[in-house]
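Presented below is the structure to which this report refers.
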Amino acid sequence: MSGGFSHLDEQGSARMVDVGAKATTQRTATAKGRVHMARDTVEAIRAGGVEKGDVISVARLAGIMGAKRTAELIPLCHPLPLSSADVDLHLAEDADAVEITATCRIAAQTGVEMEALTAVSVAALTIYDMCKAVDKGMRIGDIRLVHKSGGKSGTYEAA
Amino acid sequence: MSGGFSHLDEQGSARMVDVGAKATTQRTATAKGRVHMARDTVEAIRAGGVEKGDVISVARLAGIMGAKRTAELIPLCHPLPLSSADVDLHLAEDADAVEITATCRIAAQTGVEMEALTAVSVAALTIYDMCKAVDKGMRIGDIRLVHKSGGKSGTYEAA
Amino acid sequence: MSGGFSHLDEQGSARMVDVGAKATTQRTATAKGRVHMARDTVEAIRAGGVEKGDVISVARLAGIMGAKRTAELIPLCHPLPLSSADVDLHLAEDADAVEITATCRIAAQTGVEMEALTAVSVAALTIYDMCKAVDKGMRIGDIRLVHKSGGKSGTYEAA
Amino acid sequence: MSGGFSHLDEQGSARMVDVGAKATTQRTATAKGRVHMARDTVEAIRAGGVEKGDVISVARLAGIMGAKRTAELIPLCHPLPLSSADVDLHLAEDADAVEITATCRIAAQTGVEMEALTAVSVAALTIYDMCKAVDKGMRIGDIRLVHKSGGKSGTYEAA
Amino acid sequence: MSGGFSHLDEQGSARMVDVGAKATTQRTATAKGRVHMARDTVEAIRAGGVEKGDVISVARLAGIMGAKRTAELIPLCHPLPLSSADVDLHLAEDADAVEITATCRIAAQTGVEMEALTAVSVAALTIYDMCKAVDKGMRIGDIRLVHKSGGKSGTYEAA
Amino acid sequence: MSGGFSHLDEQGSARMVDVGAKATTQRTATAKGRVHMARDTVEAIRAGGVEKGDVISVARLAGIMGAKRTAELIPLCHPLPLSSADVDLHLAEDADAVEITATCRIAAQTGVEMEALTAVSVAALTIYDMCKAVDKGMRIGDIRLVHKSGGKSGTYEAA
């Protein structure tokens, strides 16, 4: 290891960390994020959502499918056969934003933080894609891990 | 169209917009984003970066490769044979963060905003993945389009 | 060529036909298919559909995304940057079935029949997947090309 | 759950069902399907098959490879490391058709019906692709699950 | 540029070269390679080949499909909609080896050397995979570009 | 089986071998290969490498990511959730070449030879891609398995 960065070997070269000696335990990770947008865009999603729900439901599906492709996107991530992926999207009550929460689960030798974070990111990008014709100024932010359990490092809860 | 959302047809169903009648023009898009982290994490990247450069270079490559997969991730995006993708990462001077900028180009009937935003997102996720052993509290934010040119809607510059 | 099979060369070996000398023309293809199911399953989709629309909208999205992956699935298909993909699903009026119609378009040197047929197939498989907990006896059928235009062989309409 | 549809949560939103609490058992699924075609097309395949075998062997391989990509195509399918995939194709004796049978196996917490059905569908689409230069009127049909064993719901045999 | 390496910018960072200003011309590339093996393995392929042809035909198909995925595998390759891919395999006359030749074609702003080389590599790996139960000592070698035409740098013929 | 070729069934048709009855054991495979090039190309990599390291580090990453995609490329390979992948590249001391070594590990019912060989091949192709502007005459060779352990057939060491 090199200064605590588990993805770098002694020479600092990138590698996929060997998790073969780790215990297989039940692991869960939850991530969150937001897409900030103009009030009119929020209202347009709300109106469309009530009637048809498509912006939210397309983004949810994209997030779930994105979680399954995490190891293809993130170079040093281990391929993991996820046992579940949930993506929830709703209009924030305290801001002009869509709030996204994703939870992934697996029994494996390594955690699923990256799967949860990738699900949030892909759902957020999909929101952007579907609304960009009316609002190019949207911002994706606050993408962070909020909970993680299972594995040697124990449970993590964001402050 | 349905309330300005070009991805929804008259019934509000999701569809891949027909761009066949649009002009093929030279299109460029630039997106930016940040990964906020503890000062120690910034310093660890800086130290590693000076010596080996791997955290930054792995994230750059992941961003470039992510840009090429945009249409697989974002359900209603058109597949586009990108003519270039540049991803730049550096340690921010005004904050404890890595700043990411991605620019994509193509001559096509539709723009490459999503490719640039996807490149930034995948690079940011990769930074998170590579540093998460030392810092689980990182936040990905400020992902937004900063420039877009080409196409009927003309040039867009973020305020 | 070998007996009219354009994918086989003189020795009968598989190859990806050279379309480089063909004219780039506007091409359209429409395919249809059905998922036959128990009346109760139709009613459950209808009830869910009126309220939330998810079975139909997930299958529509899967069909669109499937169309984009045609060249990865069908060994000798050319990769094509589709300019549009529309997938429509509705409950058949004359049978206990979901009816699926997909239309793909492109300006290219080869047609998009396989993209339209793949969209229908993936949408049908998704219907099966989402309803299989209540009905394992569903049948996917009647998948066929109904319309094709553009290209040297001219317009095709199914009898 | 919502009306028996395990892919919809209480609000009817799509999700990837959590299979983490299910037992890991040996699971098998067999699916079948047919590609109906003109007698001349059958004869051309037969002639080619005797001499070179390529139409059938390309479709078989496409089916096997398609089975491995099921979770990428079907939005709410779990990624599964298949332990085997067999795809058999032969000219039907009772009709002008190619008959396709696929069997998939795995030791896992969820079944492989979708893998078997996807293998049949991709093999069928490949048959269409390889023969479409001589026969655009082919129809893909009768795609159904014929056998399933393993898992809590027990063995299923099509009527 | 940095010392003639077109993939590195002035700071030596990896990037996907901008080919947007290059002329779209007809481009062809041919690559070759060999899989060296024990005489008995050659004979087993030959015997199987005469009867069923599967080792050779599976490898051919894998090579064609691999060519289509070049831009996913090689980080800085441009995605290109290939207009043709031919892969030929035969038992070498002068050695105990399978000889592989791949030719790719496209009208594009950049060449298809990498597609031809990838096709050869994937076909070779497939030969290895199919024969490894009887011969683990096989060697893949002599993979090189033998011909390239189209583009500003003109025609290249291997010495 | 047919003449020792485990990928062919009694009729010689391709199939994905059923590994369901095999024991899950810890498996390791190491493969090697070389990219032969002009002395000037070696020197250019060395110079670039000392300063920035990018040619080598891009190829290393491509090899690791390639290992994860083995089952998509090699038609009859089983999908395997790798527990580690290491790719090492260095300038050979005895020749004008880059030497590549890849080691993959997993606890599974089948081995990871193909993953190690694919990692070497993709890293080699990436070296070619990054240096081809200065040297089209490079040759990829000597790709072979050097070590394999785990599984019923026991440990294999190349002569």
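By letter and in written order, the chains are A, B, C, D, E and F; residue numbering begins at 1 in each of them.
The rule we apply is simple: a residue touches a chain if its C-beta (ideal position, glycine included) is under 8 Å from a C-beta of that chain, and two chains touch if they have at least 3 such contacts.
Given the structure is predicted, the values throughout are model-derived calculations rather than measurements.
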| item | value |
| --- | --- |
| Shared chain contacts [chain A and chain E, defined touch] | B, C, D, F |
| Pair in A-B, A-D or A-C that repeats C-E, with over half of contact pairs matching by residue number | A-D |
| Chain copies touching (chain A, chain D) - same or different residues, decided at half shared | different |
| Label of the chain whose CA centroid is most distant from the centroid of chain E | A |
| Inter-centroid spacing, chain F versus chain C (mean Cα positions, whole Å) | 36 |
| Chain E and chain F: spacing of chain centres that average the CA atoms, whole Å | 15 |
| Whole-Å gap between the CA centroids of chain B and chain F | 31 |
| Two or more partner chains touched - positions in chain D | 13-14, 52, 54, 57-58, 61, 65, 69, 72, 75-76, 80-81 |
| Chain contact graph, described as a line, ring, star, complete graph or other shape | other |
| Each pair of chains that touches, named by its two labels | A-B, A-C, A-D, A-F, B-C, B-E, B-F, C-D, C-E, D-E, D-F, E-F |
| Touching residues (chain side chain D, partner chain F) in the complex | 26, 57, 60-61, 64-65, 67-69, 80-88, 105-107 |
| Parts of chain F lying in touch with chain D, wherever the complex brings them together | 9, 13-20, 71-72, 75-76, 78-81, 108-109 |
| Chain A residues touching chain C - in the complex, by the definition given at the top | 52-54, 57-58, 61, 65 |
| Residues on chain E engaged by chain F in the complex (per definition of touch) | 2-8, 11-14, 33, 44, 47-48, 51-52, 54-55, 58, 61-62, 65-66, 69, 72-77, 113-114, 117-118, 121-122, 124-126, 128-134, 136-145, 148, 156, 158-159 |
